[in-house]
Amino acid sequence: MAPNELILKNVTKRFGGLVAVDDLSMTVAPGQIYGLIGPNGAGKTTVFNNITGIYRPEEGSIRWRGEELVGLPPHKIVARGIVRTFQTIRLFGEMSVAENIMSGRHIRSSQGWWHGIVHTPGSRRDERENWKKVEEQLEFFDLGEYAAMPAGSLPYGIQRRVEMARAMAVDPTLLILDEPAAGLNDAETLQLLETIFRIRDKGVTILLIEHDMDMVMEATDYLTVLNFGKKIAEGTPEEIQQNPAVIEAYLGSEDDE
Amino acid sequence: DTLKVGVQAPITGSYANEGQGIDNGVRLLAEQINAKGGVLGKKIEVITCDDQGTAMAAAICAKDLVNQGVKMVIGSYTSTCAEAAQKTYFDAGVIQTSDGTADSLTEKGYWTFLRNSFPNSAEAEFAANYMVKVKKYKRIVIISDFSTYADGLANATEAAVKKLGGNVVSRDKIKADSQNFTPVLTRIKAKNPDVIFFAGYYTDGGQLRAQQVALGIKADFIGGDANDNPDFAKLAGSAAKGAYIVNVPSPDVLPYDIAKSFIAAYKKKYGIMPASIWGLMNIDGMRAIIHGMEQTKSFDTKKVVEYLKNMKEPLPGITGPIAFAEDGNRKGGSYVVKMIQADGSYKHVYVQ
Amino acid sequence: MSKDVLFEIEDLHVSYGSIAAIKGISLQVRKGEIVTILGANGAGKTTTMRTISQLIKAKSGSIRFKGRELTRMSAHQVVRLGISHSPEGRRVFGILTVEENLLLGAFTRKKVDPEILRWVYELFPRLEERKKQLAGTLSGGEQQMLAIGRALMSNPEMLLLDEPSLGIAPILVKAIFEQIREIARKGVTVLLVEQNAKAALKLADRGYVLDVGRIALAGTSEELLASPKVQEAYLGKKH
Amino acid sequence: MDIFLQQLANGLTIGSMFALVALGYTMVYGVMRLINFAHGDLVAASAFVGLTIYTQVMGQATSLAAVIAIFLLTAGVMACVGVLLERLAYRPLRTAPRLSAVVSALGASLVIQNGVMLIWGPQMRIFPELVPQVYYTFGGVVISLMQVIILVLSLVLMIALYLFVEKTRMGAAIRAASIDQDAARLMGINVNQIIVLIFVIGSSLGAVGGLFIGLYYRGITFNMGWQYGLYAFIAAIIGGIGNIPGAMLGGMLLGLFNAFIAGYVSSTWADAFTFILLIVILIVRPTGILGERVAEKV
Amino acid sequence: MEKLQRFGYPVFFAVMAVLPHLLNPRWQAVAITFLIFAVVALSQDIVLGKCGMFNMGQALFFGLGAYATAILNSKFGWPMLATIPVAILVPALFGILLAGPIVHLRGDYLLVTTIGFNIVFVQVLQNDLGGLTGGPNGIFGLDAMNLFGLRLASQVSVYYFAFAVLLFTLWLMHNLETSKAGRALHYLREDQLAAESIGINARVYKIFAFGLSAGIAGLAGTVYATQYSAVSPEAFDFIQSVLFFSIVIVGGSSVPGVLLGVFVMFVLPEIFREFATWRFFIFGFAMILAMILRPRGIWPAKFGRIPAYLVKESKHGA
C-alpha cells in the first residue's frame, strides 16, 4: 500500500476571473504536521476545499496514497480517511456532543440503510461498538462531561474540541485543520497544541492552516506559504521565519516587538 | 320517541348556500308535518350534519347519522358526497334521498337510494336532442369541470350527441373556481363552434359566458342545470343576454299548488327564496318517503321503499309528480330551455 | 474620573434563558480612550458587547453613554447616538457587494461622506480592490476588514470591536491594530475585545479581565501586563 | 397566429396579476424568510373590502375618480390588515424556527378566509361593471380595456417597486434586513419599521391584485385567494425567491404557461403540464430562473 | 418529559387498546382516522422533521397506497390484505423516483416541487388515467378486510387493523432512531455540508428518507381505503398535504409530538363541529396561538438519544 502521502500537482482553482489557487504543487509526507500559511484571501481554505471535494479544481491533480482525489464527491474522500474541520465551526448544533462525535463513525459503521428499518444482531453489535469508539473520543478530548449537551450551546473553545473529536472519530489518516486556534487564548492554544501532538503520535498526518505564528512555529514540521494563490515559499518553520518574501507579505517586520 | 330525519348537506364550503337551503327546507317541512301531528303519531326530529361538500366529511357524516338512529337522510347536494355516503346508509338500511344527478348513484343496486332529481343521462338526452335536432348546430363544443356531476353530464351529453349523429368539435375541461377561462376559450374560438354546452356550476358558467363574449366568440351558450341560478346572469353581466339554460322548470314558475304554498311558507320563515330548485327536489324526496311510511303504516324502510317503487299513481310534488323506478331513479322528468333576457329574467324557449 | 466619563456600565446582569452569562459587571470608558476587555472563552465578552448595542436586553443594570441610558433603547437608536459595533463573526451582508456594505454602514447619515469612504479605503486598500465583489465570497480576513470599515462609515464616537484579529494574518493584525490606534487618535473612543491579550494590552490604555461573567481584574495596561495572574492565564505561552 | 397572439395577451394579463401577488410574497419572504400563506387570502379579502367601499362609502359612484378612490382606500385598509397580521401572527415568531411561522401563516390564512366568509357570507359576490366593457380588436386579437389597465398598471407598479428597492436608501435598508437582521440593526436600521413597511407594500400590491380580480372576473368568493396565493408563491419561487424581477418574471411565465398549455396542449391536463414544466425548470435551475443570490463560503 | 414518556407510552397504548369499546360509531370513525393520520404524519416526519426536507406533498404517497389497494381490489379482485405489499412498494418506488431529481433542491424550492407533484397526481386521478382511477368520483364500494376467512367489516375490527399499523410504524420509527441511517438524516438536516464532510452520502440518504416515508404513507393508504371502502381524488389533494405538514410542525418532530399534533389538528376540529361556520375561524387562531406558545411544537424533538453510560460523568450539570 502506498504511504500516507498527499501530493498536489499544479492545482489551479478559479472563481470567475479570480485565480484563488494558482498552479500550486506541494507534498505532504507521511506523519508530518504540515502548515499552510499566507495572508488573508491567499487561497488556503480554497486549497482545503479542493482536497476535500467541496470544490473541483480546474486544473491539476491531488493524489492521496497514490490515488487521484479530483472528481470524487466529499463523502468518498472521507471514506479514504481524509477529514477536515472548518474555519467557522460547523457542528450539528441541536444534537448532543456524543451524537456529533458519533457522526464521525458514519463511514466506519457496517450498517446499511436497511438497518434503519430492521435491526439485525449484526447491526446492534455494530451500534454498540461505535458508541464505544465515541466514548474513547470523549475521553481523549476530555469531553465526557458535555456528552449529553447540545453542541450549539457550548463555549467556542469546547466546540472546537468537539469538532476535532468528530473528525478523529472517523479514524482518519489525514486530518485537515482550518485555523483551529482562532479565537482561543494562549492557555487554550497550548492545550490544543498538545492535543495535536497526541493525534500525530497516533500516526495521523496533519495539514494545518493557522495565523497564530507562535503556534505554527511550535507545531509544524514543514510549511508552505501562499500569496495570491501562488506558493511564495516553503521550508521548515525556521527557514520560513527568516524568508524575506514571507516577512514582507505575511509576517511583517518584528520591529515593534 | 321521535322519527329522526337526517340532513347531510354542505352547510359550509363552496356550496354552503345550497346546503343551507336544503336544511332550511327540511326543517320547514318537519315543522309543518309536526303541526299536523307528525308521522304515524311520531314527531319528526331533524339532525343536520355538515359534509362541507367533501367526500371524506360525507363519509364521517354518514356514520354519525346512522349512529344517531335516523330512518332517512335527505341530501346531499353534490353527487360526490351522496356517493361517498351511500354504502354506509345501505349497510344500515337507512333511506337516502339526494338530488345528486350522477348516473353512477343508481348503478350500484343500493335499494336504500332514491334519487329525487333526474339523472344526468336524462338531461343529456334532452340537451343533445335540442342541440342536434331542434337547433341543428353543426359544430358543438362541450365543456365541464372535474366534478363527478359535471364530468358525468358532459360525457353523457357527448355520447348522446354522437348517437344522434351530431358533431362534437371539442370536449374541454376547466378547473372549477379558477376564473381564468380565456385560454380554453381562445382555443375553442379557433374551432369556430356554433354552440358551447357547459356542464358545470353557475359560478364558473357566468364567467365563462362573459369571457366568451369578451373574446368575440359568436357561438350560442347553453348551460346545464347547475347554471340555473340568478348569479349566473349577474356574473355574466351584459354578456348574459341570450344565453340558454337547460333545466327542469324553476321554483318560481312551478305551476303546482303545493309548490306555491310551500315556497310562500319558506319565504315567510326565512325571508328569502329557496336557493334553487335542488332544495325543493330534496323536500319532495322527503315528502315521498313520509308518504310511503304513512301508506304502509310502518317505519320499516325496506317496506317503504318497496311501496314507493310500485306506486300506481305518482305523488303530487312541489317539483312535479314524483314516483320511483325499480333502480331508485325518479320517474318522468320534464326539461325546459330558458333564455336569459336583458333584465336577467328567463324566457322559456323550448319545453319538452 | 467621573468628569469625562463617556460611557459607563453599572452592575449589568444578562442571561440567556435561565443561564446567567453576565453577573454584575461595572466599567467606565473615558473619551478618547482605548479600553480592552479580556477573558477566556465564554467569559461573556461578546455578550457584553451585544448588550451595549441592545441586540440583547439586559436583565438589570444600566448602560450610559454621554449620560443617556441605553438599556431602554432599541439597537438602531444606539447606533444613531454614535456607537458603532463590529460584531463577532463579522456579519457582513454576504450577498451585497463590498461597497454596498460600506454604504450601509453610513445608513444613519443622511448622506454618505466621501471623505470617510476614502479614509476607509485608505485604511484597507484590499477593500477598494474588491469593491464590486460579493462580501460573502471574501476570505475571512477580508471580511474582517470590511466589518471594521463598515463600522467606521457612520463616523462613530465610540467603536465596539469584537475580536478584530480573529483569523487575521499577523501582518494584518499589526496593520489593523495600527489603524485602531489611528482611529483612536482621531478622537474615537474604542472598546476592544480580544483573545490576543498581549497585543491588545499593548494597544489599549486600560483593560478589564472578565471571568465567567464577572470582572476579575481591572487596571491600566501596564498593571495588567505585569500582573502575575494575567501572565499565567493569558500570556502563559513560552517565550 | 391570431390565436397565438390572443393567448399571449391572455397569458400576460393573468400573469401580471400573479406577478403583483407574487411580489407581496417575495418581499415578505426576502426580509423574514417567511412563506406568507395568508397573502392570497389578503388578496381575496381586498376584493371584498373594495366591493364594500364601492357600495357603502362611494355610494356606488362609477366615475374614474371613484374607481381610483376605491383603489387607494382598499390599499390603505389592506395595508393596515397586513400590518396587524404581522403584529399578531408573525412578530411573536421572529426568533422561532422558520416552519413555525409558516404554520402560523397557514392559521392566519384560515382566519382571514373564514373571517371573510363570516362577514360577507359564503356565496359568490359580484362586482359591478365598473370599467366600461370596451374592446379593441387587432386583426383577430381582442383585448379589453380592463386587460390593458391591468397590464399597464401592474408593470408600472412593479418597476416602481424595483427602483425603490434597488435605488433608494430605504430600499438598501430592506435588502440589508433581508440578509441579516441583527447586522442591519447595527447599521442603525430600524428593522421593525422595515418589516412594517414590507407588509404595507406587500399588502397594498395584493389589494391592487384583488381589485383587479374583482373588476376583471367580477365574481369573487371568500376562498378564491388560496388559489392565487399558491400560484403567486410558486411564481415567486420559480423566479428565484426574494428576487423582485424574479417574481415578476415567474408570474408572467406562469400566466403564459397556463395560457399556452390550456390553449394548445390540453385543457384537461393543463395543471399537470404546467407543474411538470415548473418542476423541470427547478431541476435545471435549482434556485429559480434568475436565481437567488447566494454567497455561502466555507 | 422523560418520565412522562416512560409512563406515558404504556398508558397511551392501554387506552388505545380499549378505546373502540368506549366510543360510539361516529367517534370510532374519528378514532380510526386519527390512527391513519398519525401513521401518515409519522411518515411525513421522517422527511420533514428528521431530514429537514420541506415536503408538502405527502398526500401523494398516501393516495398512491390507497389507490393501489382500491384498484387491485375493485378492478382485479385482489383481497384487501393481499394488496398491502403493493400499496407499500408502489409509493416507495414513486418516492424514490420522484425524489431522485429533486433532493438537491434546497428548502422552499423543494417545497414547490412537492406541491407540484401533488397537484399533478390529483389531476391524473381526476382524468381517470388508463380507466383505472375512476375519475373525479374515485372508486367506491371496496371489500372489507378478510383475515383467515374472517370478514372484518365492523368498525372495531378496522380500528384494530389501523392500530396494528400504527404500532408497526412506531416500531419502524424506533429502529430508525437507533441506527446509522436515522442519525444520518438528522445530520443532514442540521448541516448538510458538515454531514458530507464527514462522509455521509447526502443524496442516497435523502432518497432513502423519501422512499421509506412514502412506503409508510402508502400503508396508511390501504387502511384508509378499508375504512371508507372508497377513495376519491380530493382526499389526497394538496390541502391534505398541508394538514400533514402542519401536524408535524404543530406537534413537534417527536413521536408524542406527532400524535398530539394529529389530535390538535384533526380531532379537536371534529369535537368542535357544532361551531359550524365559526369552526375554522377559531381553528386558525388556535394554530397561530399554538405556534406562538410552543414555537418548536407542542412536544419538540429531543436529541441526546445516547447510551446511558455516556451521560454518567456529568460533573457540572447543565
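So that you can tell them apart, the chains are marked A, B, C, D and E in the order they are listed, and the count of residues begins at 1 in each.
Simple rule for what comes next: a residue touches a chain if its C-beta (ideal position, glycine included) is under 8 Å from a C-beta of that chain, and two chains touch if they have at least 3 such contacts.
None of the values given here were measured: they were computed from a predicted structure.
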{"item": "Starting at chain D, fewest touch steps before arriving at chain E", "value": "1"}
{"item": "Label of the chain whose CA centroid is most distant from the centroid of chain C", "value": "B"}
{"item": "Chain at maximum distance from chain A, centres defined as averaged CA atoms", "value": "B"}
{"item": "Centre distance in Å when chain A and chain C are each reduced to the mean of their C-alpha atoms", "value": "30"}
{"item": "For chain A paired with chain E, centre-to-centre distance based on mean C-alpha positions, whole Å", "value": "41"}
{"item": "CA centroid of chain B to CA centroid of chain D, Å", "value": "37"}
{"item": "Between chain B and chain A, distance of the C-alpha-averaged centres to the nearest whole Å", "value": "74"}
{"item": "For chain D, residues that touch 2 or more chains besides their own", "value": "117, 122, 268, 271, 297-298"}
{"item": "In chain E, residues with contacts to at least two other chains", "value": "193, 277, 280"}
{"item": "For chain B, residues contacting two or more additional chains", "value": "12, 16"}
{"item": "Residues of chain D touching chain C in the complex", "value": "169, 172-173, 175-176, 179-180, 182-192, 293-297"}
{"item": "Residues on chain E engaged by chain B in the complex (per definition of touch)", "value": "24-26, 28-30, 33, 126, 135-138, 140-141, 155, 228-230, 232, 234-235, 270, 273, 276-277, 279-280"}
{"item": "Residue ranges of chain C touching chain A (in the complex, touch as defined)", "value": "40-42, 89, 126, 137-142, 144-145, 163, 166-175, 195, 197, 233-239"}
{"item": "Chain D residues touching chain B - in the complex, by the definition given at the top", "value": "3, 6-7, 10-11, 13-14, 117, 121-124, 126, 129, 133, 135, 137, 142, 144, 213, 217-219, 221, 223-224, 227, 258-264, 267-268, 270-271"}
{"item": "Touch list for chain C against partner chain D, complex", "value": "53-55, 74-76, 79-80, 84-85, 87, 91-96, 100, 103-105, 107-108, 134-138, 150-151, 154"}
